[in-house]
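Please see the structure below; I have some questions.
A, B, C and D label the chains in the order they appear, each numbered from 1.
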Amino acid sequence: MPAPDRIIALLSGPDQPGLVARVSGWVYARGGNILHADQHRDSDAEIFFQRVEWIPEGDHAEEMDNFRRYAEDELSMTGHVALSSERPKVAIMVSKIEHCFHDIILRFKSGELPGKLVAVISNHEDLRSATEGYGLPFYHISVTKDRKAQAEAEQLAVIHQHGAQLVLMARYMQVLSDDFLAQVGCPVINIHHSFLPAFAGGKPYHQAYRRGVKLIGATAHYATADLDEGPIIAQDVARVTHRHGPSELVRRGRDLEKLVFSQAIRWHLEHRILVYHNKTVVFD
Amino acid sequence: MPAPDRIIALLSGPDQPGLVARVSGWVYARGGNILHADQHRDSDAEIFFQRVEWIPEGDHAEEMDNFRRYAEDELSMTGHVALSSERPKVAIMVSKIEHCFHDIILRFKSGELPGKLVAVISNHEDLRSATEGYGLPFYHISVTKDRKAQAEAEQLAVIHQHGAQLVLMARYMQVLSDDFLAQVGCPVINIHHSFLPAFAGGKPYHQAYRRGVKLIGATAHYATADLDEGPIIAQDVARVTHRHGPSELVRRGRDLEKLVFSQAIRWHLEHRILVYHNKTVVFD
Amino acid sequence: MPAPDRIIALLSGPDQPGLVARVSGWVYARGGNILHADQHRDSDAEIFFQRVEWIPEGDHAEEMDNFRRYAEDELSMTGHVALSSERPKVAIMVSKIEHCFHDIILRFKSGELPGKLVAVISNHEDLRSATEGYGLPFYHISVTKDRKAQAEAEQLAVIHQHGAQLVLMARYMQVLSDDFLAQVGCPVINIHHSFLPAFAGGKPYHQAYRRGVKLIGATAHYATADLDEGPIIAQDVARVTHRHGPSELVRRGRDLEKLVFSQAIRWHLEHRILVYHNKTVVFD
Amino acid sequence: MPAPDRIIALLSGPDQPGLVARVSGWVYARGGNILHADQHRDSDAEIFFQRVEWIPEGDHAEEMDNFRRYAEDELSMTGHVALSSERPKVAIMVSKIEHCFHDIILRFKSGELPGKLVAVISNHEDLRSATEGYGLPFYHISVTKDRKAQAEAEQLAVIHQHGAQLVLMARYMQVLSDDFLAQVGCPVINIHHSFLPAFAGGKPYHQAYRRGVKLIGATAHYATADLDEGPIIAQDVARVTHRHGPSELVRRGRDLEKLVFSQAIRWHLEHRILVYHNKTVVFD
């Protein structure tokens, strides 16, 4: 027997007395059964955050609407409300580097990531046959300096045509313009090494090797217009020594990137992340 | 200006609908301001756990009593209710090995651990002058096979005379009898290597070295009558290689033990731990 | 330009004065250029271990023979001597659980693991099409209680027919008999959770959850006749909390298993591992 | 019976064929017994590094001289040669923050760090009684903007008068001038948070909290004239979440700093570190 469908609400708004009591009281009074509830208060910013997961009595869609109205009208909170059974549509952008590409597709296919892959977009042809082997449509959209705007328009067209609700930059090696991010209409998650701002520019692992670092790291974050690096979702590191040359650092970096990227995607798809002031609350 | 005093409640009991709403509703209705609330449900065991931290309106002591009665009578929950400003009395038991002894005393003295050291009990004289240098009373109680029961009675007398509310086994190398644990009347936290049950008996790091393990670990847990190892509070590991001989494993084990032990003590003194079925819920 | 081919020698034997000098002196006197040299001495066991990697002057095959003879006849060391360009043949044994299966195949295909996959053997049909999609031959050999010996004979036939020099148990859920291990004629690497001996038997992650552990782990080791668990090659752990139910422990365990298993395979294929007294020296 | 005294040599110089063979051959020919030998080659920089540890036949001091001459004259290597029984004199510089101060003093006193503390220098009076309680001389040297040069001259006088061979900046909160570092005449090890260059300036943990990082770290390095941050010796990180406010980050940072700082000091005192091109080779 599958677990019964749950409503998951992510709320945030100005802190005020009684929010925990009012939200849980609302659910309880309408016969709902709260399975998880987690909250956080940023006392400097005076913002309150809450994640509630419950089995409603009665119709799910109706209760979601009711709760949305309650949160906005009565609590002045902005809310994201979803069903645990939803499988949001996900598009992947990738260049040639394929470790994150394979890793996340396999995780989606095994059911570990609760979403539905709908399209792979690449600025190179290299991963076409692998993509099609996975049974996914592949869109090659060439990106060059003089057709960057045109290429981004084509990418957006694919994303919108497939109704993607999440875009994953699986080592997509082009910078997305602020225009793209303003028009994409859904969250974009990116993954990269963690050396910024220390080792900006090309070949970061080679720069880290030359500097003699003893740790390398990876960071997953939301891509945001106007920001070099948007809100951080997940980070991890691995220990390295003088014995590890640049290619070994790159190899270890790949494993970190896979873990951190898939962790961030899972948290997003499980509705565990709230964003504010260019940072995140992750209700793990 | 110091933070205002808060009431902290740790509740557990049979799961039932509306517990989150009822607890937070009770606090809200009486003018309290909830700062943190965390809950957990073990759906197999059908037990509900909650930690709530709030600033009450009105007299703290009275509200604590009121809440205790409410939790027990209305919710059928067992509750531990405390003030954030309390500094429970803490006794240390130690033998000769001194790294955890120094580490936790320094952490108490720096204010990092919210408690009040009242006594050091040892089965050896070695740490008397260090203890007295820290300004603490030192009790040497010799433990030999034929006076073990007598020694434990003396230890209990010291603990009770000082009104200790927590006993720390800071590498105390004697097994406490079930009788001792039944009579001590307060929680006892122990720290040891994590090789059980693999490497029971003496010189566990030497056994681990002989087995060629690649990780060593430390575990902090509550000591409990009738159980070889009580509920686990915290664990950590460090990576080792063939280059690390037994003495290096012991040295790295010391650092692990200090970190894990002090972490467990902090969580306990901050009222973050609930125990059931020989395991813990830690509201970090 | 590819790196020039190197000879890699792994030596072990009774400790005696001058081994470092004699080995390096031999290579130097014959015009070889040592790129890496690493050694270890177990002073309790009085055994010496060395890994040397060099570019020989003259014919590689001849120098390998010369060195083998020198190590055995002059130094009384047993030696494993290989070329860095070799790609040993590797067979995979798998049941139904597929995360390690996909992970290692992708790592071999990307060139990250220096070996050549030759066959996949399974006691179930489930992974046939995935295997064939990767362009590898798939052998379904059913294993039931009354045909276990027969099944192992068939497995050995496939392994020998393909000339496999390494067998990987990628979550192969059957115990290999001592007979199988005695006849397989090449190393066998296994991966499993790290809870042994604490949580032997089925559903180890469920047992760990019930016990309330705060860490889960994975161990890769050589499978050896007559031993429940052979020499440990690699281990890693991940932190868990009371919030993580059994299925989340299983999921995190999968990521650990992939990392630890692939790490162990890489070290083996790069000729970095020496085995003695049921443990390993890993020259990382 | 104590372990016999060993000679430890750290060598570096231009790479050339036969260095391993020539060094080990020299020791062997003179009746020495090599216990550990480790080497590294930076193939880009064409520099060779070696650490050798052996029991000489004959007089230790004489063999050390002989080896030094051999390394310099015959191999064109610069060498640091020491006895394993040496206990170099160590001075501590500290301000008011005391966690590293206590931690390293206790490690020296327990014998874990092979050196001899000779003096504590501080720009504040706060740690005088603790220092004297440990039986060490305390020098209060006030540092203000207009007497900075004067203060540094006094600090150097104390360091030189005590013959310190290593200076530890145990959270000493003043920048040492290039002049000071040029004249100190011995290595200086510093410890700080790892957020540079991201969060330069005051209150780095508060900056990290505001940015929403998921990891905090500590770095130990040699202090060097003309460099903001000298060669990195050791680094470590700890995981944090949105629940951890700035004071919790500071507390976790303290534990990291103690571990990383003591690790770096141990490696230095065990003659395991070679420095080149603003980075380190650590023969762990």
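Criterion: a contact is a pair of C-beta atoms (placed from the backbone, for glycine too) under 8 Å apart; a residue touches a chain by one contact, two chains touch by 3 or more.
No experiment lies behind these values; they were computed from the predicted model shown.
A.B. asks: List every chain that touches both chain B and chain D.
C.D. replies: Touching chain B and chain D alike, sorted by label: A, C.
A.B. asks: Quick check: more C-beta contact pairs in A-B or A-D?
C.D. replies: By number of C-beta pairs in contact, A-D is the larger.
A.B. asks: Counting only C-alpha atoms to place each centre, which chain is farthest from chain C?
C.D. replies: For chain C, the chain whose C-alpha mean is farthest off is B.
A.B. asks: Could you classify the chain B-chain C contact as same or different, where same means more than half of all interface residue numbers appear on both copies?
C.D. replies: same
A.B. asks: Distance-wise, how many Å sit between the C-alpha centres of chain A and chain B, to the nearest whole number?
C.D. replies: 38
A.B. asks: Measuring from the mean C-alpha position of chain A to the mean C-alpha position of chain D, what distance in angstrom results?
C.D. replies: Each chain's C-alpha centroid was found; their separation is 42 Å.
A.B. asks: Quick check: what residues of chain D touch more than one other chain, meaning two or more?
C.D. replies: 243, 284
A.B. asks: Quick check on the complex: what are the chain D residues that touch chain A?
C.D. replies: Per the stated touch rule, the residues are 40, 194, 196-198, 210-215, 217, 231-237, 241-243, 277-282, 284.
A.B. asks: Any idea which chain B residues touch chain D in the complex?
C.D. replies: Interface residues on chain B, with respect to chain D: 98-99, 102, 106, 110, 112, 133, 243, 251, 255, 259, 284.
A.B. asks: In their shared complex, at which residues does chain D touch chain C?
C.D. replies: 17-18, 20-22, 24-25, 27-29, 33-39, 41, 239
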